[in-house]
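Structures incoming, each one as structure tokens.
Paired with chain B in one complex and with chain C in the other, chain A is shared by the two complexes that follow.
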Partner chain A sequence: MSAGGQSQAMFFRARAARQAGDVGLRRTLQKARPLFVGKRAKGIAGLAADGLGFGALRTACADIRRRVVDDLDVWLEIFEERARATGAEVLWARDGAEIRRHVLDIAARHGVTKAVKSKSMLSEEAGLNEALADAGIRPVETDLGEYIVQLAGEAPSHIIAPAVHKTIHEVEALFAAEHGRPLQARSSADIPAMAREAREVLRQHFLSADMGISGANFLIAETGSAALVTNEGNGRMVTTLPSVHVVITGIEKIVPTLEDFASLMRLLPRSATGQTISNYVSLLTGTRGAGDGEGPEKTVFILVDNGRAALAGSDFADMLRCIRCGACMNHCPVYFSLGGHAYGWVYPGPMGSVLTPLYTGIENALDLPHASTGCNQCGVVCPVEIPLPALMHRLREVQVERRLRPLAERLGLGAWGWLARRPTLYRLVVRLAARYLRWLADDSGRIRVFGLAPGWSAGRDLVPPSGPTFLERYAARKKD
Partner chain B sequence: MRLALYVTCLVDLMRPSIGFAALRLLEAAGCEVVVPPAQTCCGQPAWSAGNRGLAAGLARKAVAELEGFDHVVVPSGSCADHIRNVYPRLLADDPQWAERAAAVAGRTWELTAFLVDVLGVASVPGEFAARVTYHDSCKGLRGLGIKAQPRRLLAGVHGLEVHEMADCEECCGFGGAFAERFGETSTAIVERKCDAVAAAGTDAVVGGDLGCLLNIEGRLRRRGDESTRGLHVAEVLAGPEPA
Partner chain C sequence: MSARDEILGRVRRGLGKGDAAGRRAKAEALLAAPVRGPQPAIGGELVARFVARAESLTSTVSRVAAASEVPASVAAWLAAQGLDSYCVATADVGDLPWSAAGIAAAVRSAQDADMVGITGCYCAIAETGTLILLSGPETPASVSLLPETHVAVVPAERVVATMEDAFALLRSERPGFLPRAVNLVSGPSRTGDIEQTIVLGAHGPCRVHIVIVGDAPAGAR
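So, the complex of A and B:
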């Protein structure tokens, strides 16, 4: 996917077919998967040491988020008032275009020529980097993974591990080119050295940037603060070194109190990386005060709708609870067969299969709600009880209600349904089907090419029925 | 105890031996088993496709056929999950059917769950000389909590050795229409399952859902594995069909 907020989700099926065939990519993803799954499992198991159970805790966390989502307007007003009282500016953005306009306005007012960034998926929703570059402002991504994908001219393929699809050799090639040095042979033992190299380059950017742009994991209503949960330390640099700090985040990110934030922090790092707590947890409140050694002179919150408000009170309101931990994609068999770029927009995996159609148009992402085996591995790990398969299912229903499904599928399903309600006729057709399948089998007793199910038979044989149907045989037996 | 055996459309067409195995197991446990003759499909494919009207029509048909029994037993976690967990929601707003659907749903069981949880069967008399590994199908596992029941029953089968494979709770990539609609993706997922099965080095992969078994077995064959079988837990527990 090209970065820039333009959805390619309409082409998911073709993209998925291509990605699934990329053996190298699959190998790279397969190496990462057990780390995500294993670390989360360990992190969740560790809750017991604190006398906590995952089930009760996730219900508590879901309730905190429900409380916010149910009265979002009220909480936003409280947040806005408190944040302004700390000296921050609060702006509202309806969509990506308004985000871009706000940021460019602020940049123009402060004569910004370089912006350092710490992860903000909203910036991806807005295609902000392109807009900044077009306006002559250099955006520099400073999360290591985000830095790598920026060098590659790509979008993140995972919300918390943006470069999970890259091999060490690909990263080495990008670094050698960007940092102007010869290519070296690299192994995983060199990762600390490579990270140090990136760090040195990024340090110069931190010191020379006029603007820091970050997201926020949460907005705390009672204090008007942004909470930032990070591991690399760059988040602190981005939010404190430049004189202007812009926080771009979704309107649903509010939690009422610091206490609530503490509860959610029990599950967010554990669900994401298995950590009991992330290396850095920052609460950013207002601007640099007299006597403060650090902090921005100007703090601006851009609170973004971009489709969120419409979800409140809808069949999809559950999705607004999402705290962006990535556990759903980390446990998704589909995600780990394809990588995030197949999904065609900002959010991959199960959360993307729900959010992309809702935020970019149901008719523009018809495949995504179907891109699930229904295994519910995402639903059981979600720390805020989002029933992801049920939401994907509801989107499928909306597609049917709006007659957005292909004609052949509608006719096929209709014919099958008509038949399934007529047992006598159904029986006859199934009997014929059993004979037809047996006839299709080759000498070894298997169907290798099956025109009625090309998707199946491209990768699998089909073992045909051994004889007449169950009900046929059962009826014959009854007669004896 | 009089119960209905709902064999499922897939077993009816693709592997009737599973239906007969379930029948033998239930009769051996002392149940009077009726096979409602008008049964076709529970309607899950329509539900999964998002076609609520069609799914509700098929749900009403099945409810009408399956009420009037002490229990309904299904040799599939997926179809049992659909009847138990989806029917009540699907027909909740239909005053004529809501209660009837809920009643049938509450009496519907996946085969091994019925044997262990309802009948309290500790072991079955069968014999099956093989080394097998067990695949937990998603709907049975995460929808109905089926995990211990098949293992407990398999542990009592003479001659059978169960070796757990890695990631036995991972999806096999079947997902009904998903396997056809996203064939390459589905194949990539089942490839990992086949790797786990192969690493377990067993004679067969056993499970409670024929869809998953056809998927895994079909991929094993395509990979060139001519011997590892995909067996339904009922086939293993009931042993080979008497001639």
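So, the complex of A and C:
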């Protein structure tokens, strides 16, 4: 993560240009893209064999999430009561700073020197790793992808495949340095050996850590439990071996019942990786029971706002349904041209283009709602019916309403609006403009450099308008 | 104002609904009578479906007629894999005649050095080929987690169709009580984090072997 969870989304254009120019990165991403798309398609197709339709299931899942979001205050109170009744502690955090304060407090109270972490996006939002390290506590990311980006000193570039942007050679260099061994030549055939090496190193961290930090894929109101979904088993390790378990999660993550959870689990893994189910799904409730020889003695939930509460009842409330499956970015042409780091904060792709401005300030991420082709592939695949393009569109409108667009754009649109309300003048100007453009064209009939939009014509030629204007033709047809 | 009250206040203002008591009652009613979503049509015999799914997740499966035959079956499988016959086991399967089959089964939590862990299971899900394991003093979760090889003993009559059926079983057999961990295990652990190449054996076991005991007749559940 960039320092302290700070958003770099204001620099989207610069970051995007840099990322788009990275040929190696583009090759890596282009290799991954069909895998993501193909796996999901196969996973969704598998539903039909059991007589389930994606449409019906998706509506059911969206409704479950709607029910929670529509009465979020009530569900939060119920979850809090029931989680406390199981012996867990429940804390609340307004923002990243409060998350850091809570975690450092708990760590100090229990004399923690090492924390093993299973993927938690909230910890990224809070820049928790830096805070832990500053306090002399070693944070160790244990999801293999997170471990790789932590070694690289980078942020994840994808919410379910954090190191999707890394090649095997980059991973090898990081492992050789961290594990204190000479660099080796590596091919794909060596990937099992490299995973094995990471397993052995991380195993020692699991065994020696005093605190486990995880997110939660869902909070189950009925039982006061956290549900954790992983393939590697690191989620189980982190929540079984250390004596303290801290769950850091957004306030919107609740589902009412175990039945609701079962429905969502038919779509979450399929949407994310195409799997019918992830290898490990754990429902974690309270602390170790009487007579248990293992499991945490202390469980703490930190329920985090950090911009979420403000979405309740707003034009953007749909976004609170998100279950962080990653399908929207896996199907996004913009994401696969740029990679996740271009987006500048924790969440990339279409969901990030909506969440980042909402959580970090609309004025701090002006370009993100525009980083879209409007193709709506994300809206089609989203398992909880979030209309992502419509939300991006609404964010653009808010930018205009709040006068956040650049002066030139505002003046230009203002001038056009003024003109469009005066039909006679408009027709005259359009006719003159068409002539002017034809005059600008060179011998080949193209405009090579267009002074009004030099950036646009730097990479392409403009074809000048030919023949009469639309309104002239329209008028002529009406006479016929 | 506390963070809690401030956050809840912000949510309430945003929703602008009032009638907290009425909404609360509605939510409690939903919890009291959980409703299932769209259910899959799991046709055919549940055990056969469970086996097919488990194998597609790269678990291996063998079947025996009675619990007393489990140790010999496990011993033969371990030998075929070239694995050690020293195992850590959970208490629910600790009473099986392991030593007669040449297996030294230590009933305790697992440690880093343990190579094979043997567990029973609470129930299993045919839809996805999933084992449901409950943590507890008799059934520590580490036994199915730390060793490289996990052997699970599954009574055929404990195979249910769906996750919802498994939760229904939990509600009826252990009302109002979930153990610290309910672990749903579907095959060996895996990672795809290096160049999206799937590798078996990330942090959990690299191998899962399932021994199904008995023969539930079609549609028995």
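Going forward, the second predicted complex is superposed on the first by the 409 of 480 C-alpha atoms of A that agree within 3 Å, B and C clash if a C-alpha of one lies under 4 Å from a C-alpha of the other, contacts with A are read in each partner's own complex, and residues count from 1 in each chain.
Rule of thumb we're sticking to: a residue touches a chain if its C-beta (ideal position, glycine included) is under 8 Å from a C-beta of that chain, and two chains touch if they have at least 3 such contacts.
A quick note: this is a predicted structure, and the numbers were derived from the prediction, not measured.
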Greater residue coverage of chain A in the superposed arrangement, chain B or chain C: C
Touched partner set for A:417, first chain B, second chain C, both or neither: first
Touched partner set for A:474, first chain B, second chain C, both or neither: first
First, second, both or neither for A:76, with chain B first and chain C second: second
Which superposed partner A:292 touches (first chain B, second chain C, both, neither): second
First, second, both or neither for A:188, with chain B first and chain C second: second
Which superposed partner A:7 touches (first chain B, second chain C, both, neither): neither
Contacts of A:330 with chain B and chain C, given as first, second, both or neither: neither
Partner chain in contact with A:360 - chain B first, chain C second, else both or neither: neither
First (chain B), second (chain C), both or neither touched by A:202: second
Contact set on chain C toward chain A in their complex: 2-4, 6-8, 10-17, 20, 23-24, 26-28, 30-31, 34-38, 40-42, 53, 57, 108-109, 112, 127-128, 130, 135-137, 140-142, 145, 162-164, 167, 178-197, 199, 201-205
Complex contacts: residues of chain B adjacent to chain A: 7, 9, 11-17, 19-20, 35, 37-41, 43, 45-52, 54, 57-58, 61, 138-139, 142-143, 170-171, 173-190, 192, 214-215, 217-219, 221-222, 230
Chain B-touching residues of chain A, taken from the complex the two chains share: 13, 16-17, 20-21, 26, 30, 333-334, 337-338, 369-377, 379-380, 393, 395-400, 405, 409, 413-414, 416-417, 419-421, 423, 426, 430, 433-434, 437, 446, 448, 453-456, 458-471, 473-475
Of all residues in chain A, those that touch chain C in their complex: 28, 31-32, 35, 47, 50-53, 56-57, 60-61, 64, 67, 70-78, 86, 91-94, 98, 142-145, 148, 161-164, 166-168, 171, 188, 191-192, 194-196, 199, 202-203, 206-207, 221-223, 225, 231-234, 236-237, 239-241, 251, 256-260, 262-263, 265-266, 273, 276-296, 303, 305, 309-314, 317
